[in-house]
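Below is a structure I'd like to ask you about.
When the chains are written out, they are named A, B, C, D, E, F, G, H, I, J, K and L in that same order, and each has its own residue count from 1.
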Amino acid sequence: MSDHVYKKIELVGSSTKSIEDAIENAVQTAGNSVRNLDWFEVIDTRGHIVDGKVSHYQVELKVGFRLDG
Amino acid sequence: MSDHVYKKIELVGSSTKSIEDAIENAVQTAGNSVRNLDWFEVIDTRGHIVDGKVSHYQVELKVGFRLDG
Amino acid sequence: MSDHVYKKIELVGSSTKSIEDAIENAVQTAGNSVRNLDWFEVIDTRGHIVDGKVSHYQVELKVGFRLDG
Amino acid sequence: MSDHVYKKIELVGSSTKSIEDAIENAVQTAGNSVRNLDWFEVIDTRGHIVDGKVSHYQVELKVGFRLDG
Amino acid sequence: MSDHVYKKIELVGSSTKSIEDAIENAVQTAGNSVRNLDWFEVIDTRGHIVDGKVSHYQVELKVGFRLDG
Amino acid sequence: MSDHVYKKIELVGSSTKSIEDAIENAVQTAGNSVRNLDWFEVIDTRGHIVDGKVSHYQVELKVGFRLDG
Amino acid sequence: MSDHVYKKIELVGSSTKSIEDAIENAVQTAGNSVRNLDWFEVIDTRGHIVDGKVSHYQVELKVGFRLDG
Amino acid sequence: MSDHVYKKIELVGSSTKSIEDAIENAVQTAGNSVRNLDWFEVIDTRGHIVDGKVSHYQVELKVGFRLDG
Amino acid sequence: MSDHVYKKIELVGSSTKSIEDAIENAVQTAGNSVRNLDWFEVIDTRGHIVDGKVSHYQVELKVGFRLDG
Amino acid sequence: MSDHVYKKIELVGSSTKSIEDAIENAVQTAGNSVRNLDWFEVIDTRGHIVDGKVSHYQVELKVGFRLDG
Amino acid sequence: MSDHVYKKIELVGSSTKSIEDAIENAVQTAGNSVRNLDWFEVIDTRGHIVDGKVSHYQVELKVGFRLDG
Amino acid sequence: MSDHVYKKIELVGSSTKSIEDAIENAVQTAGNSVRNLDWFEVIDTRGHIVDGKVSHYQVELKVGFRLDG
């Protein structure tokens, strides 16, 4: 990692299944427009409630990728 | 959301299975006494250890609901 | 808990499967060298990305154990 | 304030006009069910955007009131 | 703690004597209206000054209690 | 919100008139280059002073928009 | 700004009208005793409630000024 | 509090006896040079250890006082 | 302090009497296994409630000691 | 700064030499694709260790630039 | 440190050379008007960019000094 | 990093020369008793002042190392 510069972007992924699935959705969407994705950091976990049950999870995360690859 | 006022309460749910299950337990308990639940925010995730293994997860969350519905 | 003193150590566990599995790995490793493990607190959740997908989760946690047991 | 105990509740007020108006809405709604309101603290300010313009402000606040009045 | 859901409320207790006494006052007032109180967490410690001396301490704390007891 | 991924960007708007006007300026500038703006969050409020008076307000905010619209 | 040293002081301004007016009051009071005021940063926004309505806003801010002007 | 401007200064008091005594020492020292002291807020509590015992407590606090009294 | 390296460990002490006593208990327990204890920092103060009264205080603290003594 | 809108991006620069050099590397890389860079803010400083020595510093920073220049 | 009261002030130093030099500049300026300076704490590190390069570093720091010396 | 568990310890290094040198001192001391050091994170930067000049820098850092290497 010694000679590189990385950029971090902030995304919110969502899923009706699990926290991990919401993370995966955000990461895969990021991969559509950015190459060299390297790591993610979970910033916040929240979600919506419908009829008294969790309807989907929302995970806010930062995704880091190498700029000079 | 433009004309409403919301209230947030703070709960701790627990589960022997998963973080998502602990969230669901807290949300469903909240639904027993409060109507119009709208969203949740995870504040903290912790748990207890018995015999060197995770015995259950505890998730602290805020639950928001509409007051003027 | 009234007469005890506890110590907390900071660990990072990882897993290719789930956040819960990464926690469990860190807790079980802690149990190899420390007795009387009592609770854990999740500090941070992150992970690495390979080929545009989550390759593994990393969970940073504090683990508390009783010193005077 | 020397002999009293206060309780704080967390509300989200909204307004299409201003941040101050969103605070006022939350405070007045709180006053419908709680007496002896004494102070508020702004926790977060956000809002929704419709057609590229701010459609309404949402202000998250804590409201404190005297329990033993 | 494995099967329970807990609620946390936020109180401000005060005392002319000590920080511990302000905590005790808030806890005892909470006990007048809520059963199954289980723990407290100090959030903030402050106080008022009269004639250049501390006139009373104010301690802001969260109090947790079991909902499904 | 269940199937979407959102991106958040960080902006600083300014205005000589009010905090709300500084927010509106940042949101409208964001709308020039990004579609599907959905919400904003105020991160910081500051400003400059000239001749002992507030000359303009600066509001730092995050703006979220839908990526997969 | 390259050769200067700045000092920051912490003030609480208040106003019955608006958040902006409370900021302006604090800044103008600071200007009575300090020269070269340069910027302010809002730290906290709160206020008092009388008869179920906001009676005045209190804004806590830091004010920076050049020492070596 | 509606028409006033307050200033806050940051002090560290110490005491070999108790946290409350360290607060009182800081408040009384502040009173030697500043009039109209109104409140304090504890920011941090720490201390030194000599021969395996607490030798004195240090309490960092902010003290607020009225400027326009 | 110019040539030394220090290590900090995290402990939770408890006491049925006071916050200061909980700190002292943690410090003295640390002294059983570590030499050259130098300072402590209070991280969190909490406690348990039994029968509507504080049964004991728990103070989380960091304790620093010199490694190269 | 009164009429402008600024955008902030988050970068991680690295250097085997110094913290300042890691900042400079990130700033210069940002300048390859963004004009009107105006300021930076250090968010986090970390680094990697190889063979018991610091092999390189990593500095996470936000870089602000004028959008409407 | 057992019998003293300390005051902390907040400064911003700057330097075209290094972070350490910005700290030193702020400390030396503080020494022109305050005696018994004892320690500093770095609060924030930032800087300005001119022509795509760091033009100077700005370091925000608190400086503590003994009041009763 | 996928199958490993890491431990983090907290150290304070110091140096009369620079922030980087204080980090290096802490890392090298950690290396005397712990193998497989992998990364460090700066938590806090402070220092002491003697005769109105910085006498040495103190850097508080966390150091991570692999447990199961």
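Everything below uses one rule, namely that a residue touches a chain if its C-beta (ideal position, glycine included) is under 8 Å from a C-beta of that chain, and two chains touch if they have at least 3 such contacts.
Since this is a predicted model, take the numbers as computed values, not measurements.
Participant: Tell me which chains count as touching both subunit I and subunit L.
Facilitator: A chain counts here if it touches both subunit I and subunit L, which gives C.
Participant: With residue numbers as the basis of comparison, which of the pairs D-E, E-I or A-B duplicates the interface of I-L in over half of its contact pairs?
Facilitator: Interface equivalent to I-L: D-E.
Participant: When the centre of a chain is set as the mean of its C-alpha atoms, what distance in Å lies between subunit C and subunit H?
Facilitator: 38
Participant: Could you tell me the distance, in whole angstrom, between the mean C-alpha positions of subunit D and subunit F?
Facilitator: 22
Participant: What positions in subunit I touch 2 or more of the other chains?
Facilitator: Residue numbers touching two or more other chains: 9-10, 18-19, 48.
Participant: Just spell out which pairs of chains touch, all of them.
Facilitator: Result for touching pairs of chains: A-B, A-C, A-F, A-J, B-C, B-D, B-E, C-I, C-L, D-E, D-F, D-G, E-H, E-I, F-G, F-J, G-H, G-K, H-I, H-K, I-L, J-K, J-L, K-L.
Participant: Enumerate the contact residues on subunit B facing subunit E in the complex.
Facilitator: 9-14, 16, 25-26, 29, 48, 55-56, 58, 60
Participant: Touching residues of subunit H toward subunit G in the complex: what are they?
Facilitator: Contacts found on subunit H: 1-10, 62, 64, 67-68.
Participant: State the interface residues of subunit H toward subunit E in the complex, per the touch definition above.
Facilitator: Per the touch definition, subunit H meets subunit E at residues 18-20, 23-24, 27-28, 31, 37-42, 63.
Participant: In the complex formed with subunit I, which residues of subunit H make contact?
Facilitator: 18-19, 44-49, 52-54, 57
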